[in-house]
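I have placed the structure first, in the form of structure tokens, so that the comments after it can refer back to it.
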Amino acid sequence: MDEKFKLDRQTMALRVAKEFQDGDVVNLGIGIPVLAANYIPAGREVLFHSENGILGFGEITAPGEGDPDLVNAGGQTVNQQPGMCCFGHAESFTMIRGGHVNVSVMGGYQVSEKGDLANWLVPERKIGTIGGAMDLATGVKRLIVTMNHVTKNGEPRVVKQCSYPITALNCVKLLVTDIAVIEVTEKGMVLKEMAPGWTPEEVQRLTEPTLIVDPDCHEIELM
Amino acid sequence: MDEKFKLDRQTMALRVAKEFQDGDVVNLGIGIPVLAANYIPAGREVLFHSENGILGFGEITAPGEGDPDLVNAGGQTVNQQPGMCCFGHAESFTMIRGGHVNVSVMGGYQVSEKGDLANWLVPERKIGTIGGAMDLATGVKRLIVTMNHVTKNGEPRVVKQCSYPITALNCVKLLVTDIAVIEVTEKGMVLKEMAPGWTPEEVQRLTEPTLIVDPDCHEIELM
Amino acid sequence: MPINKIVASFDEAVSDIQDGATIMVGGFGTVASTPSLLLEAVARKGVKNITTVSNTTGFGSDVWKIMGHKFAEDMDILVRNGHIKKAIASAPVSTIYENNFEKLLRAGKVELEMVPQGTLAERVRAAKAGLGGVYVPVGAGTVVEEGKETKVIDGKKYILELPIKADFALIKAHKADRWGNLVYRGSSRTFNETMAGAAKVTIVEVDEIVELGELGPEVIVTPGLYVDRVVARPQEVEEEGEVEISAEARESHERFLKRGSA
Amino acid sequence: MPINKIVASFDEAVSDIQDGATIMVGGFGTVASTPSLLLEAVARKGVKNITTVSNTTGFGSDVWKIMGHKFAEDMDILVRNGHIKKAIASAPVSTIYENNFEKLLRAGKVELEMVPQGTLAERVRAAKAGLGGVYVPVGAGTVVEEGKETKVIDGKKYILELPIKADFALIKAHKADRWGNLVYRGSSRTFNETMAGAAKVTIVEVDEIVELGELGPEVIVTPGLYVDRVVARPQEVEEEGEVEISAEARESHERFLKRGSA
């Protein structure tokens, strides 16, 4: 199989950030999701929520420069900004479980046709960590998952049924992979955008469920 | 029936206040209980809790002089004092239901042999108000009830079974009436103290359940 | 666009409240903790058949005017004008005063669901926190238990209490910024803090709107994500001249001064 | 007697913790939010077979020393010294680092009950708030559901989650007064605020003890009635000279700087 162009991590993060609407409260998981904070579309005001109890904080500081009592969920120090507030865990997950967080972006191992997500345990490892993933996947209004479209061995991650342990059922609304943007709808998975140079057929070949190709399906737009 | 000496409201409040131990968190209902705040034994530090969300507040202000944003559960303005703190309703009743309030003092219509309390509805009135009474009666570590020993018509309020609607079952630990102090124990009601001039037999005559007379039963001590 | 939850008027703030809505109203019962001007606006709008969720059902503005309050309306403005179909409350009537709600209740013109105060707070919180229900020990063996599921857990009996969901929450706070961050004053957090964010739309009446950043991160009580709209009380209030107070209210006030209210 | 919850030493603060106790430990996982010196004192005391309730099971002091933390012990001090029989945690292992807990778990030397983070907070709160249980949607259809009661409420499936009760809660706060009122710093409230008051005895490690009244009524986060004991960190810490850091910790730190931890 020839190696076609795939989006890198930063570009995936850039595409994800386009989804953030004015006034959204957004929770970003570690990895690619947290990079999306750097690409908020110009002029939009977005509030970041971190499950360890801060809302409306600023950018990640340079290493070693921040206040250890002001960190995001990945443990990275962040800057304070006007309007920020602090709270404890029961309150933080009241926000998450109660649907007060508009968007959560997290990584995934597998996403099923129905929007089931598996992202807390690689079965071979036998031991995983649930953390706040199940709460976020269950509670937020809109869950965006970002992951590579296939495993290192070329096996589909976009599957009919997850074979990995489930994080939450019917939770994924949008999937941003290194080759496609897919919306999860009641009718099935809709292919909305593709990486440059890809055809719907090529994306389908790496995808287990049958994709509905959006009439308007086009190359991924980043701006 | 000759009119024997009975404690007045202030004296009942004084007797109740003797129960407050150093460091106790105390919630006082309206009426006689709230008067007890004036009689904390010398040298003891007691924190008052009010279910509308303040802890560690000071005395009731002179009428018209307080801050309307600093009131007790009876709506009376109180003074701030060092160490006081404010919180919302969910937190306030977490304190009450969770057993973090040591003592609650409230009025009663009837108290049964087993410590059941009826104090939210006089059946003839048909409409009553539950407010925070059930939460307090169920949640606090030690419930003290203060009421007249008999109704205006001379009927016992200390009864075998409450005929009035119940506030909570098995909740009253100590009963301070205008003629007696009675402890509710697993073995039954124990007569501990009597108003000056009363005999155990005279108290028993106005009381439905059979009282166990404490070997040390004596005249009510106020100091 | 910068986030801006501030709206210009009380009428605008409540403009989408429809007949039949369920409305949470914050506060404890004291008018200082009550969103008086939002209640006035709802009354002006004239919505019908609403279900209210609040601690009390109001004492009427007279008792508060006697005490010198400028903004004196409480839940009673919705009661006496016949807006309410059903009230969910912990303390619907007073022991020292027959309020208008009690009159309507005795006349069969309004429904009541009485809920212990802490259970009311917990059911509101359950809605806010996305819980399906909570097992509460309060009310076991009483009328509160009637018609509800119970369960013995660890040897103790609990009642299954379900979330109270609402369309709107009307909140009184002290200060807000444009993100909707809130602080309260003294004992006036009460149900305001608990209800903020528990309904589909949360509307907040404040004494003062401040610049973003003026409310520090450690002192904000209600984070802005729970709040949809903020409206400020007018700074100056027109003098009404001589205030007329009913004899009933005067008498009730005398009794209150003696022993506190409830 | 004036209330005084301040105790003189960390060893005194934990002196009544016995073998077999269940201990909640506040914080998120970052050492800044962890009661490091209380954990050291528990380890010194040498209690055995404890059950811990905490968000993580620790990363080890090395990773924190690299980052310049003076008080660098986290849950790992209890793990590596074999004090723990069972851990209840949401994030017991790391994806970028094999911690000591994972090693013991793989060796069958410790038990694990993994709980989603928000459910952990809610179960701790249920104990604090006197609830018998809560219906939580999180975990429905996953391994979390196994062996638990479920219930469909309003068309949605919920799991009955029971309170987590504990003998002790070890809390890290920023400042305390003699009544036990607490404030925290920034993002370090986490499970500290939630667990304070949730166990039979709550013991708090603070940066500073202040006079009663210095913490204002509107800024106190944890009211003193949830707190039993307060102990202050020493102001001056002896320099340890050259700190030895394992190669594994250094590598883990490099990866952390790239992408954040978990």
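We just call them A, B, C and D in the order they show up, numbering each chain from 1.
In this section, a contact is a pair of C-beta atoms (placed from the backbone, for glycine too) under 8 Å apart; a residue touches a chain by one contact, two chains touch by 3 or more.
No experiment lies behind these values; they were computed from the predicted model shown.
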Inset, instruction - Could you quickly compare A-C and A-D and let me know which has more C-beta contacts? - result: A-D
Inset, instruction - Please compute the C-alpha centroid of chain B, do the same for chain D, then give the distance between them in whole Å. - result: 38
Legend entry - Distance from chain D to chain A - Cα centre to Cα centre, in angstrom: 28
Inset, instruction - Indicate the whole-number Å distance between the mean C-alpha point of chain A and the mean C-alpha point of chain B. - result: 56
Inset, instruction - Would you mind listing the residues of chain C that make contact with two or more other chains? - result: 122, 125, 129-131, 136-137, 184-186, 217-218, 221
Legend entry - Multi-chain contact residues (two or more partners), chain A: 54, 80, 86-87, 93, 97, 139
Inset, instruction - Classify the chain contact graph as line, ring, star, complete or other. - result: other
Inset, instruction - If two chains touch, include that pair; go through all of them. - result: A-C, A-D, B-C, B-D, C-D
Inset, instruction - Write out the stretch or stretches of chain A touching chain D in their complex. - result: 30-31, 34, 50-54, 63-64, 67-76, 80, 86-90, 92-93, 96-97, 127-135, 138-139, 165-169
Inset, instruction - Spell out the part of chain D that touches chain A in their complex, as residue ranges. - result: 28-33, 55, 67-69, 90-95, 102, 105-106, 114-122, 124-125, 136-144, 174, 184-194, 221, 256-257, 259-262
Legend entry - chain C contact footprint on chain A (complex, rising order): 22-23, 25, 43-45, 47, 49, 54-56, 80-87, 91, 93-95, 97-101, 139
Inset, instruction - Over in the complex, which chain D residues touch chain C? Could you list them? - result: 122, 126, 129-137, 151, 153-154, 156, 158, 162, 183-186, 217-219, 221
Inset, instruction - Using the touch definition up top, name the residues of chain D that touch chain B in the complex. - result: 1-3, 125, 127-131, 177, 179, 181, 197, 211-213, 215, 217-218, 220, 223-226
